[in-house]
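The data blocks that follow each hold one structure.
Each of the next two complexes has subunit A plus one other chain: subunit B in the first, subunit C in the second.
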Partner chain A sequence: MPPGRVFIFLILFVVSVVIMYPFYFMAVTSMRSQSQYELGKGFSFASWIQLFQSVPVAKEMLNSLIVCACAIVIILVLATSAGFALAKAHFRGHGFVLLGIVGGMMIPVQSIIIPEYVNFVGLHLINNYFGAILVYVAVGTPFATFLMTTYFRGVPEELIDAGRCDGLGYGGVFTRIALPIAKPALATVVVLQFIPIWNDLLVGLLFLQEPNVRTFTVGLGVLASSRVVSIPGLMAGSLLSTIPAAVIYIIFQRYLVSGLTLGASK
Partner chain B sequence: MATVNLENIKKSYANGFEAVHGLDLSVGEGEFMVLVGPSGCGKTTVLRMVAGLEEVTSGTLRFGNRVMNNVPPRDRDIAMIFQNYALYPHMSVSDNIGFALKLRKMPKDVISKQVGEAAGILGLINWLDQKPGQLSGGQRQRVAMGRAIVREPSVFLMDEPLSNLDAKLRVQMRVEVSRIQRRLGVATFYVTHDQTEAMTMGDRVAVLNNGSLQQCDVPQVLYDRPNNIFVAAFIGSPSMNLYEAFLGSNKTTLSLGSQSIELTDDLVKLRKGLNRYAGKKLIIGVRPEHLMIPGSNDQPYLYGDVDLIEALGSELLVHFSIDARRVHASGVQEDLDTGFSISGEGVARAHARTNVSIGNRVQIGIYVEGIQFFDPTSGNAIWD
Partner chain C sequence: MSVKPGVDLPETSQESVAGKAPSFNRDRSRTGILLVLPAAAVVSVFLLVPIGEAIYYSMTNWNGLSAQWEGPSTYVTMFKDPLFWRVLENNAVLLLAVPVTLMCGVTLAALLNEHVWGWRIFRAAIIVPTAVSWVVLGVVGIQAFAQNGMLNSMLGSLGLHFLEHNWLGSPLSALTAVAITFVYSLVGVNTLIFVTGMATIDPSVYEAARLDGATWWQSFTKLTVPLLKRYFVFTFVITAISAFSALFSLIFTMTSGGPNYGTTTIEFFIYQQAFGTGAFGTGALLGIVLLVILSSVSLMQLRLMSRSE
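Moving on to the complex of A and B:
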């Protein structure tokens, strides 16, 4: 093996250790009881049992899933239709609209979350799935739209013309040509939106406080802030919460790479 | 089946650029009309207007008697083949070909039968389940053809469909496209920048330059009687030799630089217009096959210096120069004043075993009846 490659492997090895260690820590710690954890050795399912007893895992996972799925579906609908229009409809002022959307990408959620909260209290959208979904959509749509616009710009104009000659109108071109060939971009949006929304604590903590609408991360947050904190129980919960994101990633990663390099070359 | 009629069609793009200036053209039933011209002259624009993909700024577009100006593409019953084929990358070959039929809600078995027929004609039977990405350029071109013919449209529109193929395949597909078009008998608008393609495929050829129609006629007439120096120079390969010349006041002595030849009285009688140029400058054009190397003393001749010889096997192309001023006609209007080059290079076709070599001064015989005459300011042909 040439020295250059050895060097690269070494770097990759170090990086993967850094990335994998927290998982290792979570996995090992979750398999101990509190006393075993303090001792630094031993093996038991106690913390898992404790987790399922103190947190309504299934209910909160379902809440997370509902919020996540709805937000992503809405983001996809908005981002694809807006992206296609921005890339291909050639309407007057589309440059300004895109500029506005890119500007939206720069606004951190932290800076708008309090005014948003005040607004939503007035609209009775607190402790309501829809309130949180709206916030996630508002935060996620600009980047998703930007990504879809870039992708659709790469779709040859003649493909659309061919569709129009074959008998499609604007809507037909969008649903039967543009969307099917945008699969890599759609997968990219799904993965890039799912992970932050699933992992989100801030928005959930503010907008979904009541136990019946709590997401899993909020549930864990509550667990972490209770009087007696069980580190192994928390680790079990954290490990559990990484699984859906990993599953989503594995399902879509086939498309993800080509989606992320979009626009890099024609 | 339909005829296509363009009446004073103009196209201005959103940026104000007028790409087509009042085009009159008609394609008869079953006719193969080729639209040819240099890149950027507006061919694609014309085709896209006929397809309905681009709005007609002014003028009238008719299919048969029906005005089509504002009819959307899907209601025009046209099939278009694009330069880069524009196959749907997410559909198999058979879905690509059958897509338009599917949109018309035809029954599945009818679609697969028609797709099968088209695939049979085009030799695509074994590729029906492949995606376009897995096909070669030639096969993709066939799929694009298949997509067009399966619909049995009333008008075919083809935009440089062969320009992405390699030379050999292009010649082969040229024949194939012509054959299919004749078999289906559908009015066809075929765009190309390649004059050979235009001449070999077209029933009629429309020559376009800078958004204006230069001439539209059957290929032989374009070749024998070009309307202006643009058509003269554009049609034919190698290109017609165009020189600045001077017609003596006797109307038969034609001076080219320091040399001169005698025209026949018959020729001058046939081209009455030449009378107006007695004692004046004009432009003459001579096809390479109307120059004989070596010439002889019993026909008009010039002397030229051989610069280059291209041996094509079947014949030689002898490049020579004389001291007359050469006229180039890339864009007629602009180039008339500035397009004269100092050395009067020209090309002659010669027999493959002609004994010439570079640097020789040769006698070049001229077939006087083949000379074309053009006005030096307008570039228009001089006839009567």
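Moving on to the complex of A and C:
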């Protein structure tokens, strides 16, 4: 390799090591007991055992999974149907609806969370999976709809005409033709929604307060602020919460890129 | 998009599409309305209505149970409060981290774009923090910035002992710690977007520049940067929006807004006012201020993007 390329390799190597260091720190620290951590050497599973004893890990993971899966499925249904309608099945006033939904993309969750919280207290939707799911769906749907609209706009009109020639109505064109070719866009929506919902603290903290409905991320946040678990135990929990997001992320990496760059290229 | 009468149609038992146009149009608009209805309803009821409520309640002394109308004077009172400006100042300081993130991102992307041995592994390593929750970053951040933490030991081993201190102990250094963690988390996304952008540039452009005797640095500044203008605007906007609205979990776990409001940004201030002190009206008001700021950033993006056509 010429010296310039060796130099680039070295810079990238050093940057990667610095970026990965916190993960190494989490892994090594979680494999020590509190006293071993203070000593700076040793190896034990004590902190992992402590974590599983003081936190209902399985229950919280299940809660996270239920909330994420339901929210994402609902977002997918709403966004694909609305996206198809706004791109292909035009009706009077569709431009206005599109504007409203795209406008919704600008609304940060912090701006609506206070009225939403008070409304949901009245509707008994606090400490109920469905309450948190509704908030995630409301905040996630505008961008997902925008993404699906953009995707369906790229579907050639000829394909839809062909479906109609085969005697399909617009509903049939949507389910038989548009949906099957939208799989990559659906994957993009899944990955772009999964990471923020899995990692969310604010909505979970307010809408899922009780331990039996709490998600893993909220559990970790509460654990960190309550200081009942040792630092190695906290590192074990941190590592555990990172795994699902990292796995989804690695599997869907390709779709993450296409979703993220949509705004730059269109 | 109306039915195209000129399309060649295969022989089917159906009449020609053109002949069926009126009923197809009716079917199209009916199906369209049916399909858009659920999403429009959810967005209206759970996003637009709460915004309306927030605007109304921002002008009251709402405590979550009862609210008395006070009028737009609540905004004047807020804009006269030094604490409000203190919080916005923290946001302004955090915004300084945005260009840093962009610069790191574009530099790393340019280096990755050289496709040196193992670049795919490096790309994966650089992007991994994107998947990590801010809660985890906050928990690890406390360890990193503590008196005996990672940063101090790194500084110590570089011989920079005079820089060592408890980073989370004083307002400005705690805010710096939040900003560093912010850069760490967002550098990956920035890099990923710039890598994608660079892949769209025709390699022959670089080849021509090289034949003209341009150095690597010259082709980077004179070719790559101008060609990626849209990507710069886009990453700037998403990074700036994150700086305003994605750091709640980090601040909650790492600093709780302290010391002495040193790391309280407007989004954390909203939470504190409403759920810490019960001032729901003030929280709603701050939420509207945040919405106005973020909408301005988004509109700026649209203007810049349409100009760079």
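Here is the rule we go by: the second predicted complex is superposed on the first by the 228 of 266 C-alpha atoms of A that agree within 3 Å, B and C clash if a C-alpha of one lies under 4 Å from a C-alpha of the other, contacts with A are read in each partner's own complex, and residues count from 1 in each chain.
Everything that follows uses one rule, which is that a residue touches a chain if its C-beta (ideal position, glycine included) is under 8 Å from a C-beta of that chain, and two chains touch if they have at least 3 such contacts.
Everything quoted here is computed from the prediction, not taken from an experiment.
When the two structures are aligned on the shared chain, A:49 is found in touch with neither subunit B nor subunit C.
Looking at the shared chain after the overlay, A:165 reaches both subunit B and subunit C. Of the two partner chains placed by superposition, only subunit C is touched by A:116; subunit B is not. When the two complexes are overlaid on their common chain A, residue A:142 makes contact with subunit C while staying clear of subunit B.
In the superposed model, A:195 makes contact with subunit C only, not with subunit B. In the superposed model, A:4 makes contact with subunit C only, not with subunit B. Look at A:84: by the touch rule set out above, it reaches subunit C but stays clear of subunit B. Contact comparison for subunit A: of subunit B and subunit C, C touches the greater number of residues. Common to the subunit B and subunit C interfaces on subunit A are residues 158, 161, 164-167, 169.
Residues 48, 51-53, 72-74, 78-80, 82-84, 86-90, 99-100, 103-104, 147, 151 of subunit B are the ones touching subunit A in the complex. Across the complex, subunit B is touched by residues 156, 158-159, 161-169, 172, 177, 180-181, 183 of subunit A. Listed in rising order, the residues of subunit A touching subunit C in the complex are 1, 4-5, 8-9, 11-13, 15-16, 19-23, 25-26, 29, 77-79, 81-82, 84-86, 88-92, 94, 97, 100-101, 104-119, 134-135, 137-139, 141-142, 145, 157-158, 161, 164-167, 169-171, 174, 195, 198-202, 205-206, 217, 220-221, 224-225, 231, 234-235, 237-238, 241-242, 245-246, 248-250, 253, 256-257, 260-261, 263-265.
Looking at the complex, you find that subunit C touches subunit A at residues 1, 3-4, 7, 9-10, 12, 14, 17, 24, 27-36, 38-40, 42-51, 53-54, 57, 64, 108, 111-112, 114, 116-119, 121-122, 124-136, 138-140, 142-144, 150, 184, 187, 189, 192-193, 196-197, 200, 216, 230-231, 233-235, 237-238, 241, 244-245, 248-249, 252-253, 256, 267, 270-271, 274-275, 280, 283-284, 287-288, 290-291, 294-295, 298.
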